[in-house]
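Take a look at these structures.
Shared between the two complexes below is chain A, which pairs with chain B and chain C, respectively.
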Partner chain A sequence: MNKWIKISLLFTLLFYSLAGMTQKQRFPKPEFGTGYHQPTPITPEPRALALEYTDVFVLLVVLSLASWLAVRKRSRKWMVWLSLFTLLYFGFYRDGCICSIGSIQNVALTIFDPGYAISVSTLLFFLLPLLFTLYFGRTFCAGACSLGAIQDLIIIKPLSLPEWLRKTLGLIPYLYLTIAVLFAATGTDFIICRYDPFVGIFRMDAAFHMIVLGIAFLLMGMFVARPYCRFLCPYGVLLSWMSKFSKWHLTISPAACIQCKLCSDSCPFDAIDLPTDEKQVKHRIWGVNRFLVYLLLIPIWVLSLGFAGSKAHTWISKANPKVYLAELLISKPEVHNDEKNLDVQAFLSSGKSMEILVNEATIIRHKFYIGCWLAGGFMGFVIGMSLLNQVIFRTKSDYEPDKSNCYSCARCISYCPVKK
Partner chain B sequence: MNNSRRDFIRKGTRLSLLITLGAVGGITARNLTAEKYVWQIDPFKCTQCGRCATSCVMTPSAVKCIHAFDLCGYCDLCGGYLKPDPNKLSTAAENQLCPTAAIQRKYIEEPYFEYVINRDLCIGCAKCVKGCTSFGNGSLHLQIIHNICLNCNECSIARLCPSEAISRVKASNAYKVKGSFTKEG
Partner chain C sequence: MKNKGIVFFLIILAIVIVTVVTYDYYSSKPDELPANPYALDADPFARIDTSLIMFNESRDLAINFSEPSGMCFQDGKIFVVGDQKMQIIEPSGKLIKEVPFDQKPTCVFVSQKNIFIGFRKSVSVLNSDGLKIADWNTFSDSTVITSIAEKSEMVFVADAGKRIVRKFTLQGKPMGEIAGKSGNDQIHGFIIPSPYFELAVNPDGELWIVNPGKHSLENYTLNGELRTWWKATSVRVEGFSGCCNPAYFAFLPDGCFVTSEKGTIRVKIYKPSGEFLGIVAAPSKFKENSHAPDLAVDNQGNIYVLDMDRKMVRLFVRKEKR
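And now, the complex of A and B:
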């Protein structure tokens, strides 16, 4: 023991005297007399790159199949099998990672941070479903999304939600998308991945609160069909824009609608538009005035929410660890002595100067200032537009899928008595 | 007439959405890489805070202790293996620093001992790393083991790492094992 202390003292002294020459070993490696064979540390290789491209290929095949099943084959039965495959492959086998929903953040980050390299497969996971949706509707949601699949397969008794509730809750995905892009673009956090409620179920392992959230979503999903897709999914926002203008969207009836109303209750997502009610038409003249008012309100919405966003940027930017740390160190100098605060202690021992940290934090905060203006403005635009949409009025004579909200799950098809 | 106008608007919007997608792809293409990236710990930045054991989405963590044998001094009194002030320089459980007894100590020749990590038991708590780095050569250090790591889009440990030691590295060079990997900058 004593000997060791002496040796270690000696070596410590030696170590400090040679501080300029880094990487000097305190205890040099012995030269073994016996035939000792030194092992090498085992370093298993990561998953092969070729397998990443296999995932892209599988996505492409599944998307094509889903589109064909929804638009051409018009088969709910096969769609169920396809979504089961997706659930097993992208969900349980790939552990919910890689997914198109999360790829929004990679794309946002790489656009705003030239130093962030994005892989070809991630970009394809972002673009392919959007491209397919632009032509075939949201067949990605029906057959190629593992999160959609797990929710779709557990629907037991879907309740119909009133329109005002659907429209209001339908604003949440826009907010979620905005915040996710803001956080990703500023390099703060990938919240879509972090708060993915189902990834813990796919992995059979997650933090306690995430498991509770996942199970809560599944239980809710039995009665409120696809709660995540409808009222949270940020990728769904982009898909709904594409789907609204899709070229060959699924139709309920293969030929002319015979107005039998049989399909009206078949959709668990309330995504079937009913034919125009004559009573509504009487309000139309009044509707023109409302239309003008709502139209003029849009710039006001944009400016006021943009302004509100910019006012909140100091608070929101605290989500960034660097900004948080810099502010903590300035506002509460006593944390310097807090041994338990790992972040503070790691910063103090890193030798990084306070000035550099504050500088970095200021740059990030400025990004948040601009980002929050844009985010608030965007949310204002979304609210303004959805109010305007309330008064935009189109006469419909048939039962039709609401293209932006229809998941092309093909349930309604089997309810339609028109077969040819 | 009404229908053809609507069709025209629909087509035009579809085309502009297509162009937008193309533009996003084009802007993104600047940073496009055919390489795969994975997460890895820079052992020289690591401060052994212990969050690797608790923050990983995997239980136990995909972070494990790795032994760079080239740097090891094969000490009898190992700062990574034994608790400070051990009763005896032995393999007795009460003397071991590792909470899961994942380090195996093997006698080689007087006075040298070999220390091997049992990866199945290691939880990545970095207690041994701290001991080895403070009192020894620092040959024990943490690495993300890639056949366990799920390669999350954003590493949940990297987000909480107080010393910013975790970053994305090319998969072709996926480990930063001390000895072959030296301090950057």
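And now, the complex of A and C:
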């Protein structure tokens, strides 16, 4: 896409973001009998069931189209139009909700909280992209994700990040996923939705600091392509697992690669694996020794980070409003009289006793203890496997998409001179 | 280093992102939350145009009550009830008589001959010396008596609990009730969300009953038929707002209404037609979140305001006409 069109698009988005900033996040004072109108809520209103299923149908169509465009049609141009539609429909029209990324939390909550039942449409939003990825790679990221679309359309001068930085930052999505599941499972918070940087832009309304967050990500996205997708998106973790085993993933060349290297710099996401360097082959024996060491280190990573997580559970559990409130009321009894503290006043007016609150907080904290053990252990496993992957030697003879990290955006295709 | 400026810019952005997320996380704790942004700020409605104030406060009489509940003015004497007693006080503040009761009275009305004391579920009739003549106990369990008035040997008792006005003879014989309903679609019946249900008879002998949930004052014949009514719903000074206002009202000798409100406490004057005239006591005269004051008027049109929080009767006199 023409550079100037991208710049215009970026400034249009920024303009709307700033327009959102000027809107107050409080409704005007009621003027009884003087034409007062109830303002529209910031969060989307509940949707009719038929419309929810319409959204699922649209997602299914968009996923099918994106997969077809990436794998069969091999068209970057049409992929851009599709992602533009996704941005308008799932982003601006649907106010960024519901999205597959946030649905992770609904799934986690429904697994761990017997009192919560996930809706069929939410479950489909969670499952459909994973299923498509298992067959066609991350075509969801390419054309069906509004968060991906808004970032993809503003890439202006993407920088290639050094591998060590990519690998290190690449651990953040795992951590984010772990915390998001932990928080959702304990009924603490839906942090993926809360810190969605673009939802304020989609809804044209958000708290000032959330608008700042969205703008910061957009500005960053001009130079670091898709920063949220690559270094934060928790759903991307699941997609990368699926994509690794995808059956019909996009290929750069439609036939045999002629190793012309034209595509080597085409990917703004550094997601093209280069052919194996002969020099690396000579160090294979040294690599085997390191492989064994790293393999043995995995259980140590799991146990040590699991233990560290369990030790941090008291602090982490303070993120839960109930735990925090119980601690606050115990440590600062004078808060009982603070009429402006809505949480305290809501608790006092509920008629619930302090003993019940403390009991509930204790149960939640115990859940955090187990959750933090598992979360720490999982992060230890991820780190251990990441280190192990550094020394696993895979011979590649062609320029190939890195299946885990490739978004199937089809940029590289147009660089390939090979035709069918 | 290539792209040094861009890298520096990216580092700044990364810092901004981390700062915003950290700020949001810590600022959303119960003890860090800002004041409720959705709370209705009623302060602007408490501020009024001082040119609308028609009365000056001329005197305050401290009263020996811990919980005063009602007041009436008759024959140059102030009758105040509360706690478990009634005090008869001269306008100078001198205590004339104190009459004890065995329960807490809710309201008082004094006619030419008798003193009617309303309790929660009964009415006591005293003679002018304060001696009990009769007890009326024909009320139901859910009765809450809030106001009494008398006209043409008919006593009207406002029952906020049953949302009706009961009629009695002077001897206490029940003579029916006024339910406030009519064929007129605009009249709903009495809406009484809280025990503020006042009635009074104006100088022309007309019975007026407040319908607080409708912010209206309704005129009924002695037979209980609706004759006329007016309402003023607004948070602005010229109207009534909230669940149940006006809380109390009385009549000036010229038939104008004196009203008092709870919530944003203020005492105001309305013409007999219901048109807003001016203010007797602005909200600044009262404690915040205090009780609505009961009202009484003497023959000269001076207004007695029973301030239940400051435990005093406050006298308001009309300003000199310029």
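Just so we're on the same page, the second predicted complex is superposed on the first by the 373 of 420 C-alpha atoms of A that agree within 3 Å, B and C clash if a C-alpha of one lies under 4 Å from a C-alpha of the other, contacts with A are read in each partner's own complex, and residues count from 1 in each chain.
Heads up, the rule we're going with is that a contact is a pair of C-beta atoms (placed from the backbone, for glycine too) under 8 Å apart; a residue touches a chain by one contact, two chains touch by 3 or more.
The structure presented is a predicted model; accordingly, all values stated were derived computationally and were not measured.
Once the two complexes are laid over each other on the shared chain, residue contacts for A:Y195 go to chain C alone; chain B is not touched.
By the touch criterion defined above, A:Y116 reaches chain B but does not reach chain C.
Of the two partner chains, chain C is the only one that A:L328 touches; chain B does not reach it. Once chain A of one complex is fitted onto chain A of the other, the partner contacts of A:L213 are limited to chain C, with no touch recorded for chain B. Once chain A of one complex is fitted onto chain A of the other, the partner contacts of A:F223 are limited to chain C, with no touch recorded for chain B. Contacts of A:I363 after superposition: neither chain B nor chain C is touched.
More residues of chain A lie in touch with B than with the remaining chain of the pair chain B and chain C. Once chain A of one complex is fitted onto chain A of the other, the partner contacts of A:L342 extend to both chain B and chain C.
Once chain A of one complex is fitted onto chain A of the other, the partner contacts of A:L159 are limited to chain C, with no touch recorded for chain B. Residues common to the contacts of chain A with chain B and with chain C across the two structures: 25-27, 29-30, 32-34, 194, 321, 342-343.
Per the touch definition, chain A reaches chain B in the complex via residues 1, 4, 8, 22-23, 25-30, 32-34, 36, 38-47, 49, 52, 95, 97-98, 102, 105-107, 110-111, 114-120, 123, 127, 130-131, 134, 189-190, 193-194, 203, 205-206, 241-242, 245-247, 321, 342-343, 345-347, 349-350.
Across the complex, chain A is touched by residues 10, 13-14, 17-18, 21, 24-25, 27-28, 30-38, 47, 49, 51, 57-59, 66-75, 77, 108-109, 112, 114, 116, 119, 135-137, 143, 145-147, 149-154, 156, 159, 162-163, 168, 171, 174-175, 177, 182-183 of chain B. The residues of chain A lying in touch with chain C in their complex are 25-27, 29-34, 157, 159, 194-195, 197, 207, 209-210, 212-213, 216-217, 219-220, 223-224, 319, 321, 324-325, 328, 332, 335, 340-344.
The part of chain C that touches chain A in the complex is made up of residues 3, 6-7, 9-10, 13-14, 16-17, 20-21, 23-25, 29-31, 33, 35-38, 40-41, 44, 233-236, 239, 241.
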